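In what follows, structures are represented as structure tokens.
After this come two complexes, each holding chain A, first together with chain B and then together with chain C.
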Partner chain A sequence: MKRTRRRKTHNNDSIFPMTVDELKKLITGKFENNHDFEFSIYEHHGKKIAVFFISYQVKTDKVEDFLLKPLLSKQGEWTSKSILNEVPLDTGSTTETLETILEKLLIGEVFVYVENDVEIVSYVLLKKEHRQLSKPENETVVLGPQVAFTESLITNLNIIRWSIRSTDLVLEKLMVGKRSPREVRIVYMKSIANETDVNTMRQRIKDLEIDQLEDSTTLMQYIEDSSTTIFPQFYSTELPDRVAYTVSQGRIAVLVENSPTAILAPSTLFSFFESTEDLYMRWNVGSFLRILRFIAMFISVVLTPLYVAAVTYHYELIPLRELITLGQSRAVVPFPPIIEAIILEFLIELLREAGARLPTKVGQTIGIVGGVIIGQAVVQAGLTSSILIIVVALSALSSFTAPSYLMGTTIRVIRYPMILLAGMLGIIGIMFGLCFLLIHLLKMTSLGRPYLSPIYPFRWVDLNKVLFRLPANYQYKRFFSFRPKDLLRYNKSEAVKKQDIDE
Partner chain B sequence: MDVNVKLKENLQIRAFYLFFIIVTIQVGVGIMGAPMYIFVEARQDSWVSIIIALLYILMVLFVMLLILNSYENADIFGIQVDIFGKWIGKILGTIYIVYFIFTFFSVLVTYIEVIQIFIFPKISPFFLGILLLLLVIYSIVGGIRVIVGVSFTFFVLSHWLLFLLYEPALRMDLTHFQPVFDASIIELLNGAKATSYTFMGFEILFIIYPYIQNKKQAKFPVYFGVFWSAMIVFIATVVAIGYFSPQQLEQLEWSVLSLFKIVTFPFIERFDYVVIAEWMMVALPTLILLMWGITRGVKRVYNIRQKTTLYIVSVLFLFGCSFITYHHVIINLISNVADVGFWLVYVYPFFLLPIIYVKKKWRQKQKESGKKS
Partner chain C sequence: MIKRIIIILFLVFSLSGCVQSKTIERLGIINTRGVDLRDDNEIEATMVIYKFDLETKNISEIITGTGHTVKDARENANLKTGIQLASGQINLELYGVEVAEQGLMRQIDTLVRDARVSDTMLLAVGNPTASEIINTSEKNVGTNVGQYLHDIIQQNIKTDVLSRVTLQDFMHMYYDAGHDPFLPTITITEQKPTITALALFKNDKLVGQIPIEKAYQIAIFNKKIKSVALEFPIPTKPFEKYMKKDDYNDIDSDTFYALFTALKGTSKTKMTDVKNLHYQTDITLKLSLHELTKEINVKGPEVIKLLEKQVEKEITHQYEELLTKLKKLNSDPFGYGSIYRTNKADGKLKKSEWHDKFPDIEVDFNVNVKIIRHGTIP
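Moving on, here comes the complex of A and B:
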């Protein structure tokens, strides 16, 4: 019943047949003050033929060579059927309604209309400008592919297809945005990815009712599980090799048109500390680097607060010799430790922000001015103790080791409430903060999957993918916590087969 | 009230986590002072008392599991109503809830007192109460998944404290344990009874059991959990007896915390401060599980929303803990909880089991006679 009604309205919407002049009036009426809209009328065997397109959206030389030339040189009359049949272009289609015509016009199709015909023919001859592939800027790696996504969705899809040459790879297309729609692609392996996850992701994107989508990072914020938390719940990456690896492990990637970053879901807290480089390194070195990052994060969150707590309340914690040096250097400082620490943390944050906003050449100067000169001057002026400079620099440095820029920023922001707690309640305050963070992390989910897996819910078999790495013959399983359809990557018995001496 | 608990599939937990639940709820604040209480009763043979206590608890657990397994998917509140009828069952359920309330309160007050004694002598207990209760509320609102998660992660994150005992352990004087087997049976049993407060908490099994997904595998984690906490108390007591002289230990209220005073690192001088802060990770799971027991119990017995109970009870606790600040009141509270808890936790299951069996037989007979007639 519904379907028949829809078809009826569809037919009613058809604006054809009409004369070419009427059509010109109708379409140009929609494009007022738009000088790039080209509408040309040709006379061919006594029949008027209209050809129209938006000039910069279309490859004009192709229009001339492959459309206009055959069109005008043929002996005999044209109809829409014969155009589709005889013009040597393969992307032809017919349309009837005004709405679709306008839509197609915008994405760079060329329309051909023979007067008083019942439908209009269009060809995709779009021209899309895009920049060349370049090196990754935000997630730099030493080893592995040195290529980053660009703003062109087609280029990005092309890279992914070449990375995973499998018929299992699905690049599902969705449109998001009511006023100006934008193409979104869900990428997954249909024989591996968990179906519930794919459905959830598809549902969340489909349910979006927004006027327009700015970027993949905003899409990420729209579809995240919790919008109140400070932690990112999906991984945003510009590395195609990371996407390829993650997708082949059974997770889902989402690409957005005009966005050079892909979203990876579901993600765990630990995936934000994994670099693809861990995979390219030997397993023991990779494990070392990964553990190093976890320690760095802990230091980054806890070190400055500990300094504040110890110097404000618990002098007993500091060994005697260090206490003397600390006392000497703090003797001239007029502020309580909490103010001292916050000033310095703020200074570092300012330097980072200024360095990020300025052009690269100036940015370096800012680093030197800030790091060396101001740091030195602040201590000499007696505004902070020299030990605090070390502490703050160490924790700032640690926070930059996170492979994900989003997570690094989160970690740096968490530090401020921790410093305040330490200033108010000493070591008990720090403990309160840590407990709160842990409970908070336990509560969180990413695409409905626990954020802290495989630590909780505890999965022994997954630890070697997250906390550390093992040699390849132990990594024969995919990440079990995300329930992939196909758990095994390769045969275990072949992988762990051991030979006797001299065999 | 339904005797059996119906739960959604996704709310169930693996039996594996019972181990962590049992250990974290048993090892709370009690262990901080346990060695002294045991030592006063059983002297150098205190370690035997702990083993006796462990064996006895294993028996209690065996009985508890028998009780629970005689039903399909019931908790203690449902079982009591089934056995004793609606009124008496509800009263008994209320006793359980009240017992949980007092246990929670004693843990809260003790931890606040320890912070006051060791770190901040002048901090207001009201303020500390707010902090702890906030964390408790925050995790309970997250539901059973978060509660179990807290007990699991905090278990892992606080167990490194055990390794710090190596320092006092190296300085133990083994003559403190001689002569061996000097204490009489009565003294040993008294010593075992002195552990009752420390070992309390495993009765949470009565409430959380319906949540277990694979009940057939539940036995091992339960027994092993009790064994693990007994082992921790055992280690703490043995090290305390070996490290402190008998005269010292008799007067040391928080002997386990004092053990950590000797631990120093090149970068941290007094480690006991860190230990007391870290103890929040030991006390919190206990508090959270007890509070969950309270809210769950009230919901089962009186059908009141868990959130309502949670907020009301928390406010009451908050005011309670800011008023009770005298040490002797706290000690009294603990010993009262221990006395009542002893009967409720350690003795009551042995009475309950035969009643259940008799009632079951009786019901079967009735059914058969009903069929015949």
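Moving on, here comes the complex of A and C:
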């Protein structure tokens, strides 16, 4: 595969020297019908000087104050060397090829050319509009930092740098996309992150041959290990503190320009049920919440299918007293249980989708309409039994406890084939489905690392990072399954010591 | 590859027959079944079923059917209803005395075979017939007879009056050589179903009954008993000194009654002489005194000691009486045979062999009673 690497500037590619008029013709020819391209020519001591840039990509007041003023007020002739030396701007560089000029022009550089010089000088005076930092919307947390990434890569890098103030932190830059390239940053800790992982990630991104990159979530789909699976293989987060924590534990984050989410890799299935809040809570409460989420996931996948299977085939499973209530409420319903369940699951999914698409103000009413009115009416109309409403509501609620929106959606989708299997084969069908999922998960990898680690391959020492949490003096190791360069976070014996006041 | 998988999946779903669905609203779920023998030697099954209907509020209903086998009787009953009778939730099976006397294995066989039937379902004997118990109960108890009957037995198992009598326990005792099964007997007293006795079996045939008050003596061999109430007759004479003064003169009877609850009751049996079939059984009871029919001042350790001694004497007497009766019936619900088998040189024992030997065993009952609570005394 070909690499989309920028060609080195060789002298034989150079388009200079040329006259200013020639240059104008050449550049404007590339920007046909582009009214925002500004190309001005100044006469200074008998020499023509060209200054050009795209107006809205550049801070025009800075151009005037710091570039044009010194440029036009100097006594004596300019050369590219003297411009670099004397103009009070520190981002100057020289270029020779047309390709680079165009590239730099697009990202907001200002070019100054003295007629018949051998090179052209450019300054980075870019202007980039971005929104203010705001609270996280998708991954809300009660405790901990309340900041989410924005679309501006610079801002995001700024936040990460402030979170990990270490010279070990690497923010490697890559460009992806042939037609309209975008900046992609690989973030990792030099002294901790596993080199193989970093190389794999770098190679996967470099090898991409695509015309353009829409978002970090699409990048995720381009570089993931298996494109056929329903499970997300990388964690997509909007929380800088999550990125900072993950990176400092030796994993890799990827940021994409204009995308408010970061990709975390490698990820395990269990990491999709970890919230940063688990860390901010005390260890026992954190463990409880984490275990709660695992149970919730299981409930969400299994509960509705179990209802369908029990009511259709396995009446002997239902406790007797429940059987009576269940039988009475089922007696109203004209459909077989599988149709009944699918109707209601579909209804819930419609409500969720409508609530997500509509503006927030209208979205809230949808919740009320769905929850109260439709739920009541459906039972009264005899479309479903009242017990199924509880079952479906419980499993929908459970699926929303997943901190990752991607994983939550996956789990809700898995439910449908499970319901069908339960409706056709009963509990055997559910077991078949669960076994299928388990085998599938066992085979999956994330950035080449097993998706189910540390359960498979089993690592006793890693369980306390994944399934539950322990007090700080037991959490002195990093995640061994991902083979970080430096396994120890701090000294164990020091962690156990208590330091009271010395007398 | 993918094509092949699609074809296989298509064939799997199109060619395989559907599993027969049992949607609950179309089922008549049998909760309790009574099995009786009719004069023409056919089985009559009386079933309490649940059916779910919008119109009727009464969910339980009684249906009967006849046939040569229990399943056949169910199919026969099926002809009388618009719903399919299903036995997966059967909770209690009652056998008429006549059926039980002929041997229960023939009837239990179908329950054991059927994987849908729970092993924890209860078994009981209905005196005189199962159908009479079910029908009379329905008239006097009202709806949900099945659950009512089931709860009567369940409740008494919980309070340690009985030991567990599930299908699994019956099968275990039946197949364990040197151990005979037992079941509670339900009779109608004052128009209500009541547990009155413990039916004793020899192999699977009903041979006799003991009153339910004595069932604890067997229960203590199977489990640690914790909450059963026990009442003993106690001779008055040794307690004369401790009686209240004003009560002293009118001794109208030579026995009085004391009611205790067992806080902890355990048993331990050893074989002292394998050849001559001698056993020693230690019964340890920790009791809490609840009620006395005579006013006796139980303050002071010597009264309590005396009371303990009298109770020990009474229990030993009861056990000896029970054993004589069991020997006569040739039924061994204690499981002395199993202990014999484990002590035997070759460790093998046939059922018939034990039934030959059981009348000859001798047991020393060593009862140890401790009254650890007696409440406050004014």
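Rule of thumb we're sticking to: the second predicted complex is superposed on the first by the 487 of 503 C-alpha atoms of A that agree within 3 Å, B and C clash if a C-alpha of one lies under 4 Å from a C-alpha of the other, contacts with A are read in each partner's own complex, and residues count from 1 in each chain.
Methods note: a contact is a pair of C-beta atoms (placed from the backbone, for glycine too) under 8 Å apart; a residue touches a chain by one contact, two chains touch by 3 or more.
Every value quoted in this text rests on a predicted model; they were computed, and no experiment measured them.
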Mind checking the superposed model to see whether chain B and chain C fit together on chain A or clash? clash
Contacts of A:L98 with chain B and chain C, given as first, second, both or neither: neither
In the overlay, answer first, second, both or neither for which of chain B and chain C A:L133 touches. neither
Thinking of the overlay built on chain A, is A:L89 touched by chain B (first), by chain C (second), by both, or by neither? neither
Applying the touch criterion given at the start, work out whether A:L420 contacts chain B, chain C, both or neither, answering first, second, both or neither. neither
Decide which partner touches more residues of chain A, taking chain B and chain C as the two options. B
Check whether A:Q328 is in contact with chain B, with chain C, with both or with neither, and answer first, second, both or neither. second
In the superposed arrangement, which partner chain does A:L174 touch: chain B (first), chain C (second), both, or neither? neither
Touching partner for A:L442 - first (chain B), second (chain C), both, neither: first
Looking at the overlay, what does A:L320 touch: chain B (first), chain C (second), both, or neither? both
Residues of chain A that lie at the interface with chain B and also at the interface with chain C: 313-314, 316, 318, 320, 425-426
Can you tell me which positions in chain A touch chain C when the two form their complex? 311-316, 318, 320, 323-324, 326-328, 330-333, 336-337, 424-426
Contacts from chain A onto chain B in the complex sit at residues 313-314, 316-320, 322, 425-428, 430-432, 435-436, 438-440, 442-443, 450, 452, 455-458
Can you name the residues of chain B that touch chain A in the complex? 14, 16, 115, 119-120, 123, 128, 131, 135, 138-139, 142, 145-146, 149-150, 152-154, 157, 264, 266-270, 273-274, 277-278, 280-281, 284
Chain C residues touching chain A - in the complex, by the definition given at the top: 13, 18-19, 21-25, 27, 29, 31, 50, 52-54, 59, 86, 88-89, 91, 116-118, 147
